[in-house]
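After the structure tokens below, expect a handful of questions from me.
Note that the chains are named A, B, C, D and E in the order they appear, and that numbering of residues resets to 1 at the start of each chain.
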Amino acid sequence: MLTNTLNKAFLLIVHLDADLLEIVFLSLRVTCVGILIATILGLGLTLLLEIRKIPGQGLIIPILNTLTGLPPVVLGLLLYVVLSRSGPLGFLGLLYTPTAMVIAQTILATPIVAALSHAAITATGQPVRDTARGLGATEFQALLAVFGDARYAIMAAVAAAFGRVMAEVGAVLMVGGNIAHHTRVMTTAIAMEADKGDFELAIALGIILLSLSFLVNAALYAFQRMGRK
Amino acid sequence: MITFHAKNIQRFHSKRLILDLDLHFTNAGLHVILGPNGCGKTTLLRLLALLDTPDKGEILLSANGNAITPNLKTRQNIVLVPRPDGLFNHSVHQNVEYGLKLRNITKTHRLKRVQKVLEAVRLTHLSRSNALRLSSGEKQRLCMAMAIAVKPDVILLDEPTSSLDPHNSHQVEQIIIQLKKENRMLILVTHNISQARRLADTVTFMGTDTKVSQNPAREFFTTFDQDGLDGYL
Amino acid sequence: DTIKCASTTSTQNSGLLDYLLPIFTAETGIDVQVIAVGTGAALKLGQKGDVDVVLVHAEELEKQLVEEGFFIDREAIMYNDFVILGPKNNPAGITGTDKVIDAFKKIREAGSNFVSRGDNSGTNMKENRIWAGTGQMPDRGNKWYLSVGQGMAKTLRIAAEKQAYTISDRATWYSIEDQDKLDLAIVLEGDPSLFNQYGVMIVNPNKHPHVDYRSSMNFVIWLTSPAGQQAIAAFRDKLGNVLFTPNAGQ
Amino acid sequence: MLTNTLNKAFLLIVHLDADLLEIVFLSLRVTCVGILIATILGLGLTLLLEIRKIPGQGLIIPILNTLTGLPPVVLGLLLYVVLSRSGPLGFLGLLYTPTAMVIAQTILATPIVAALSHAAITATGQPVRDTARGLGATEFQALLAVFGDARYAIMAAVAAAFGRVMAEVGAVLMVGGNIAHHTRVMTTAIAMEADKGDFELAIALGIILLSLSFLVNAALYAFQRMGRK
Amino acid sequence: MITFHAKNIQRFHSKRLILDLDLHFTNAGLHVILGPNGCGKTTLLRLLALLDTPDKGEILLSANGNAITPNLKTRQNIVLVPRPDGLFNHSVHQNVEYGLKLRNITKTHRLKRVQKVLEAVRLTHLSRSNALRLSSGEKQRLCMAMAIAVKPDVILLDEPTSSLDPHNSHQVEQIIIQLKKENRMLILVTHNISQARRLADTVTFMGTDTKVSQNPAREFFTTFDQDGLDGYL
């Protein structure tokens, strides 16, 4: 039975089953957009933290670090309460749309990008920064030099965030609703198909999701090794 | 030529007073700073390079009597030689080019300048390799090159030859001597007394008790074993 | 002893099981662990032997699976009915007197959103049978047809958010705690074809020897016994609604 | 309405509602056991990797790194197929038991513990190891010295894994089944109660889960700072 | 007294030949190893300390003619002085105690020994502080203490005074001189020629082209400017 199911699953993949592709592409679309925004926000935040000692500086980093552990279901619950028609932002009608999923993934990913890049930069940044400023760079130019120097660590941070949110199911299910052809992504589809006992699609998606997150993590690992020791 | 006046500056680290002195550095030539580990040499050098600002007092700059504002232009004229662990994770060429980019020098001129400087420090053959993969001696020479490339009036050096073998130290010293010839102002922190003897025009000695003496080199080295170098040598 | 029971989301979400099981356990000392999934999933779990007993609502399919020997000792225990819910402004103009088939036709013609369980649950099967009755199943082309593959409660939420029509068993609809905040209303009820029969059956121990037949049978016996039937009849939700009507042996 | 719900939620917490406590304690029990096993396995693996260059050494670490990105739903699916009565390990009857959840969390956590500790040790281990061996330690004694020296980094790794698996919902739902009083943990309960519209309990659990994972991450952050720079 | 024979040893790093020599170290006293950056001094020292094994050849140990097997007991008698960046993230006391624990010395004896050694390197007042928070000079003295504590016959030192001020280097040199008096065998890698002059009994010079010379110190220092030190000095 199992081998049989596996074969079917592989067939789905090799024949590029329409539903399958649709789900995979939606996943990638949502995650890519989410990560893009998260990267901008995360790096912006890091930059901000480095530029000027803001009041409460000392708190922000611990907070960022703890936010990297924000439980997806809690976020999902939160967003549900806020986005549902009876909630403060209900009028936007965002609940159960891809946009809602993007929002969720952005919120999950931003602290990861920010915390990891910040860690990388504080770990190796000071000497590089001194070099730049010692050669006559402005605070800001020096900072750019540090970011440029830590580029691999930053890419690793982004990859890490990507892998985490792409593989996450709790939040996207609660705010996305797993609506076919609309908000059904790999993780939610896998969970559902498994419930229905329809393992072909589930396993096919599982294989793809697994390969993707392995790719991402391989990239991450490669980036980490390219960075300065 | 720029003159430094470190006016009653104080520097604290986590509430502990690290530095408390009033100093002048005038004239071209090489000014050596000596002092025990932890007396604040690096701290002082960073203040002079305008990397940090003193917690008390200030660094006053002047050129033949007229005060200069420490604006970007001034700062770009005072260069702290990078430390090997601060090299960019880029090619040797790019490392040297960086300071020139900061000064908006055109690509063609940058190229010429980088090549010239790399020859001067004999790293031409490595210009494509990643700076982090160089040997300790090569790294230190690259650091010098990065500073020289931008032709500053003032160059600050923090232990440029520690952990270098005599041969490499010699090469670095040759570069320093060349810079003296071009009569720039150099401020050099070192623990190597004989090096200080070879190079110094003036010697600034910093005691741990934040007591500081400043003398012409000859005077210092002919009399140091007397007055209070609190067992430094 | 302990048995695992795969049940529909309706019986769980409505609170019925939370109400019945303690009584059963008190009387028999048998502990029932409930896995609440769609009927389709529940039956799959039964066929795989991952549970001892199933409590579902898909009469034909249940009987068929008994025929095929996956389950034994099927007993009808109770019924309630399905209702058609929709936005309060009722864009498809469904009237209380409509037949369900016509209501679904109106929905298609109006192109109003419709949220489907899409999870092979009993409700989903009932819905599909109704669509079939309209002579045309919805397909990918129908942007207004939203298949969510979720439990009844979540399906209702999505319907409310999407201002869509949907079909639900009455129990679950009543059991939604913040029902008042879901901008939905029953637009059609009482059509005989909305009858919803619940049945219980035991996983065939010949196929899956580990099944605790004794305890499972005790569960079936109790559910169909006067005690169990009275308990079901006595069950009320928070608002005092009757949600299930016992009909064992009828 | 929202404030009202919040109040009710807080009441549930302060009155130590029985169901609430049961769910929280089960979560903690499952995660603690899972993490305990994962720590033993993870550290054992790291130790093994350090003791002798095993054939394929070069592969194991990348693999470990990629496994840290194993999507929970995929693992859930896998375990489901394997543990189901009709699956190879069906005879154990583990599906929909706390044991199954522990297995899932162990599998999720082990690579995290191993990869992070290994990274910490390779980052700072060599000099410490040389010190020990230079003073006459055996390979193994030197290794213990390295582990002792990296204790904070290791604790941080464990904390990170703890936070991740405690907040995870996909796998535990698929192999646990969210059975009341049996396999219902915080994350699965939150998702379900939110669907039912029982927001008091959902939010109460959310608050507790959030606080717990913040605690864990705070600890993690503290450990990281205690370690050698 | 142990004798080392590095017999035709070769060492590669990522396929590159780093080391290729045949050397003897005999007799108590201080043997200095000099050589340009990257010539393989640290590599050699690690081989002698039996931390690494040569890719070709072997390190032969003997005591007055009789070969000794490099078992644990032997290894515990040959100590490589830790480097400051290899100190344990524990208290100063615990760092010194470590080597003694390895030798299963009883708690009471350990305590005595640690105190004695800490006095010798003048760190008693810091015995409770974390080793990683010490100043560069203090760290280096702690490293010496860790080696001395276990009373080995052979002590290997890799640049123990680089980046130390003259005062701190002097203190470290005093410790080394003390060890010479206790006639142990010391092998010291340094770039500081005057230090080598002060301390060396024999000098081993390693050229970059893996050419090696070994001479009595006096001979080496009185004739160095002639034969091929390929511009080392």
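The criterion applied here is as follows: contacts are C-beta pairs under 8 Å (C-beta built on N, C-alpha and C of every residue); 3 or more make two chains touch, one makes a residue touch a chain.
Treat the numbers as computed from the prediction; the structure is a model and nothing was measured.
Quick one: how many steps at least from chain B to chain C, stepping chain to touching chain?
Counted as steps through touching chains, the separation is 2.
Computing the C-alpha centre of each chain, which chain sits at the greatest distance from chain B?
Relative to chain B, the chain whose C-alpha centre sits farthest away is C.
By number of C-beta pairs in contact, which chain pair leads?
Looking across every pairing, the one with the most contacts is A-D.
Distance from the CA centroid of chain B to that of chain D, rounded to the nearest Å?
50
From the mean C-alpha coordinate of chain B to that of chain E, what's the distance rounded to whole Å?
Chain centroid spacing, chain B to chain E, equals 32 Å.
Taking the mean of the CA coordinates per chain, how far is chain C from chain D in Å?
36
Please list all residues of chain E that touch 2 or more other chains.
none
Can you list the residues of chain A that touch 2 or more other chains?
Chain A, residues with two or more chain partners: 86.
Mind pulling the chain C residues that touch 2 or more other chains?
Chain C, residues with two or more chain partners: 48, 150, 154, 157, 178, 181.
Quick one: which chain pairs are touching?
Every pair of chains meeting the touch criterion: A-B, A-C, A-D, B-E, C-D, D-E.
Mind listing the chain A positions that touch chain D in their complex?
Touch list, chain A to chain D: 1-2, 62, 65-66, 68-74, 76-78, 80-81, 86-87, 123, 163-164, 166-170, 173-174, 187, 190-191, 194, 199, 202-203, 206, 209-210, 213-214, 216-218, 220-221, 229.
Over in the complex, which chain C residues touch chain D? Could you list them?
The touching residues are 4, 13, 18, 33-36, 48-50, 150-151, 153-154, 157, 175-179, 181-182, 208, 210.
So in the complex, the part of chain E that touches chain D is made up of which residues?
46, 49, 51, 72, 75-83, 85-90, 98-99, 102-103, 132, 146-147, 150, 152, 156
Mind pulling up the chain A residues that touch chain C in the complex?
Touch residues, chain A against chain C: 84-86, 93, 95-96, 177-182, 184, 189, 192-193, 195-197.
Hey, which residues of chain D end up touching chain E in the complex?
127-128, 130-138, 141, 145, 148-149, 152, 227-228
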